[in-house]
Amino acid sequence: MHYTFLGPSGTFTEQALLSVDKAAESTRTPSTSVPAALEKVLGGEVDAAMVPIENSVEGGVTATLDAIASAQDARIIAEVLVPISFVLVAAPGTTLDDMQTISTHTHAWAQVRKWAEQTVPHAHYLPGSSTAAAALGLLTSENPGYEAAICSPIVAEQNPQLEVLASNIGDNKHAVTRFVLVARNHEIPAPTGADKTTLVVPLPEDRPGALLDLLEQFSTRGINLSRIESRPTGEFLGAYFFSIDVDGHIYDARVRDALRGLHRVSPGIKFIGSYPRADLRNTVTEDIHQDPAFDAARDWVESLFPEGRPEHLRHGI
Amino acid sequence: MHYTFLGPSGTFTEQALLSVDKAAESTRTPSTSVPAALEKVLGGEVDAAMVPIENSVEGGVTATLDAIASAQDARIIAEVLVPISFVLVAAPGTTLDDMQTISTHTHAWAQVRKWAEQTVPHAHYLPGSSTAAAALGLLTSENPGYEAAICSPIVAEQNPQLEVLASNIGDNKHAVTRFVLVARNHEIPAPTGADKTTLVVPLPEDRPGALLDLLEQFSTRGINLSRIESRPTGEFLGAYFFSIDVDGHIYDARVRDALRGLHRVSPGIKFIGSYPRADLRNTVTEDIHQDPAFDAARDWVESLFPEGRPEHLRHGI
Amino acid sequence: MHYTFLGPSGTFTEQALLSVDKAAESTRTPSTSVPAALEKVLGGEVDAAMVPIENSVEGGVTATLDAIASAQDARIIAEVLVPISFVLVAAPGTTLDDMQTISTHTHAWAQVRKWAEQTVPHAHYLPGSSTAAAALGLLTSENPGYEAAICSPIVAEQNPQLEVLASNIGDNKHAVTRFVLVARNHEIPAPTGADKTTLVVPLPEDRPGALLDLLEQFSTRGINLSRIESRPTGEFLGAYFFSIDVDGHIYDARVRDALRGLHRVSPGIKFIGSYPRADLRNTVTEDIHQDPAFDAARDWVESLFPEGRPEHLRHGI
Amino acid sequence: MHYTFLGPSGTFTEQALLSVDKAAESTRTPSTSVPAALEKVLGGEVDAAMVPIENSVEGGVTATLDAIASAQDARIIAEVLVPISFVLVAAPGTTLDDMQTISTHTHAWAQVRKWAEQTVPHAHYLPGSSTAAAALGLLTSENPGYEAAICSPIVAEQNPQLEVLASNIGDNKHAVTRFVLVARNHEIPAPTGADKTTLVVPLPEDRPGALLDLLEQFSTRGINLSRIESRPTGEFLGAYFFSIDVDGHIYDARVRDALRGLHRVSPGIKFIGSYPRADLRNTVTEDIHQDPAFDAARDWVESLFPEGRPEHLRHGI
């Protein structure tokens, strides 16, 4: 297997990839952006890409939603949750009082802002292209323009020349980032009973109730939404698509049934994948939304045509 | 063909039956009640039964709904609309001033009540088992206990010994009754584009939103309800079933899809038939609820399994 | 107090009236029909009328719904449940084998039909204007045209000249009829926590979702429907109104809020009354649908206008 | 008046502010971040702040949503649409072939990425803290580490020492950014008939249909959503709030009514303002959702209490 991930090495994204079975022994190539990582997957250069999708500190969250939405054949095949924590690193001998400028990724800075205001109120912030790049800049550049960087503990471990001045400095001690492993459109992981299905659904038109029409396709089948995010399509202000996670697997009859209903309302819908939930929480539904109820309903309708439906009557199902 | 109808001869129901193609040349046997008529159909004694189903003056409306709901294999195959008008008949020589008692069916009396209060305020009312029976009683009984009867014009025409003292005496000049032709569960009339489908749907349980759940199965598929009537199931107070007419034919994909959804919510649902509308009004729906949209949705979902769905995954559809 | 009820004396309706506090000592005048009873109430002749409203054997159920719907100022102030049972009565000395014809009200006959087919299969049925009238006819008429009648036990008790040939002959041993006490539009009984509110709501127009729009006014406020019945308005086929009972009292904020929403969708709505439930079952709702939640919502919206809403801005609320 | 805006000077945000009536003659102080700008407003340092809220190239979009959502008393009082276009600037004499590194804000880079790949494929990208800062760095730093910057045309105009090497280089020629003017919670702009209302609504809990419950509060009152965006609350993964724009003004009865309904479902709701739409598009609604329908509904409910509601019955409304 050959993997890529949103680089550089040492980010939380590589950490997420390493939690995937056998990824540690596989080839892992960093990519400079989420679209670049997906291009490698879709072009066949690599087998799969690990990218952040929710609440990330490395950026790339909305970029990931947009990149996946616009890709033709991207499929999520796994998700990984990684607790996020930050350390402040500097060249050995540096003290907190010394530092005039700190560099890190903008999203990481946002997550340590309160700590920084209290602890190093005198320090300026300089944006870096990633947390790892900011940290490594302290080692590779003679005059990087800053004295300290904020990065993941893993980078500090991998680079013992960096001194850790402060640990666990994130403002939210329970911060978690969700990452997904994206592959080409070829196979769907087997259902586990604790699965998610990810969809991209364009909002059909600007009229009262369009979103309601979409959501009713889930509610009338007892399907729970675990995430819904709107993103502009970029075509014009007010044109949206929704990135949606629901509980359940496309192997569940209710999910397939909802997909058909959604396709009628919004034919541009994309199926992004069914895959095991990272939190292993089993999906619970009423009996009337489970496979046997769908089987019974199908059999009942067929029984209304005692001699079988006429051949020309294969519309829909 | 052998027909039965809610008798006796001369009622509006026979008039409805006569409008059916070739019924005039067929054997027509009256039945004394709607359940009796349906029993003849289901037992194979006759091919079909004409019975009133809506706004009738002969009674039998709620009786019809209940009888059809409890029959195992009844199928409506046609509907007929008959304008309702009434005449007052008596033995020749009788005048309005003479009459002390008037007989007719209770429901007919309800429909001429205002006319009677104004025109023959002194007359008493005596219930009869049907409008025709009341009229014929004037001829067959020496002392029927009443001097006049209210019946359909057809009975007066068929019995010229009766004198018509007043015509068109219904309080509502636009009264119409709807009749249905009920056959055994064997064939479904071909769709015409102006069709109705009749269903019997038990209300699943006494909880907020149960009826809403049922109705959403129609609304999310753009299906219009043209009639909904609740009837007690008779088991206990508060247990209902709904007798529902919707626009569309079971050959329409959206109707079959709604039937499957309804079956899950209320597995006791019965399909009572798809048949041409008497008013010939074409069903209008948005594109997203028509057969091609259902075909496209089905094909799209199948395309998500490039190598076909695993054999064990035939749940639902 | 002066009461009327759907007569004649000895019907289940009088029995229902007698269960009302102090009705036994009050003047009780029978009426010959439900509309006649309501006219006495609305005209001020009597204070209140007891009429059957659901599953009755005396007729008058749909008549009651229609009469209440068309009355201007009718208000239900109480409901009563009466278990229904029937007896077969005849002149002393008559045996089951003697009887050729049995009279009773049509609806009562429907409820003993199976018993009659098994026990007196040779007997003919003659419709009577009420169960009590059929029974009393055996006493008052020399040749009533029938040998036996089916009536309530109370009539048999009040008329010991009648011999009871068979008791408890109803096909459904748990049959119950619901009666309501109707008064003029002047006062609303105080809430008890176990209340019902009755409404008459015309279906606005023949379009997909009109009924759904009405029902959502209840569901979005957590209000349970305990009864919904459709009735033709009589204007034309397909024009309906709904007679609806919901759990709760107009003194509950959620009920008043729903009434306002319903009035917008269907301005012809009528409020028929809030009154204690006969079954004393308390209404259960989520916190978000109880008075404090409505109070908090109102206060919050007012707080958005720190200097008070402009005087001209009194629209709605 | 004293304004602040997301700085530095020369950004699209200042351009948006200049379109506000009399802002050109007022004091305008840049802020370094959206939270910083809002703090100045809420602390009383300035009267209002112009910040990007949708589809911006300066960043700050999700930051704005989050900052407004967490502010206690922020109110949007105006919105401004600004077409977005970009120029490539460099020190005089620089050519496209010379350039090895280009700096700009990350979001701006995302919007010119295709142009850059085609025109300057050899150039590297260096993140800057804003488009203006990147451009000005070319002038103020002797060795900024890059040869060219991408910025707004306004910065190039204000700094004639910069040479414009390429104009209108955005990948989407119709890109527009929406900005809002945020003030303290003191007054609401008068309605114009073409208004928007912005709300922040926490999703109550993770259950099927929670979002549906919220949306129905709009749909049952005929209110159109023009924007809905989900944002994590930051508390834990899966906890969301929705930033919502609807058509209409809090002076419209339907909007106040919806606010009350939403407050019951989600008591943490915040009202962020009612203000004129930048596109001047009038709000269209059915009669049943307009002020007179709400007035009639209120009057009708009050008429049901002929002697007025008891004083203790002031719950809700």
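By written order: A, B, C and D. Residues from 1 in each chain.
Operating definition for what follows: a residue touches a chain if its C-beta (ideal position, glycine included) is under 8 Å from a C-beta of that chain, and two chains touch if they have at least 3 such contacts.
Going by UniProt, the chains are A, B, C, D = Prephenate dehydratase.
All of these numbers come straight from a predicted model, not from anything done at the bench.
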Chains touching both subunit A and subunit D: none
Same or different residue numbers at the subunit A/subunit B copy interface, by half rule: same
Winner on C-beta contact pairs when B-C is weighed against C-D: C-D
Turning angle required so that subunit B lies on subunit D, C-alpha fit (0 to 180°, nearest 5): 180
Averaged-CA centre spacing for the pair subunit D and subunit B, given as whole angstrom: 59
Distance from the mean Cα position of subunit D to that of subunit C, given in whole angstrom: 57
Subunit B and subunit C, separation of their C-alpha mean positions in angstrom: 25
Per-residue multi-chain contacts in subunit C, two or more chains: 216
Pairs of chains satisfying the touch condition: A-B, A-D, B-C, C-D
List of subunit C residues in touch with subunit B within their complex: 54-55, 59, 62-63, 81, 106, 110, 125-129, 145, 172, 174, 176, 178, 206-209, 211-212, 215-216, 218-219, 222-230, 232, 234, 236-238, 240
Subunit B partner contacts - residues on subunit A that touch it in the complex: 185-186, 188, 213, 216-217, 220, 250-254, 256-257, 259-261, 263-265, 267, 269, 271, 288-289, 291-298, 300-301, 304-306, 313, 315-317
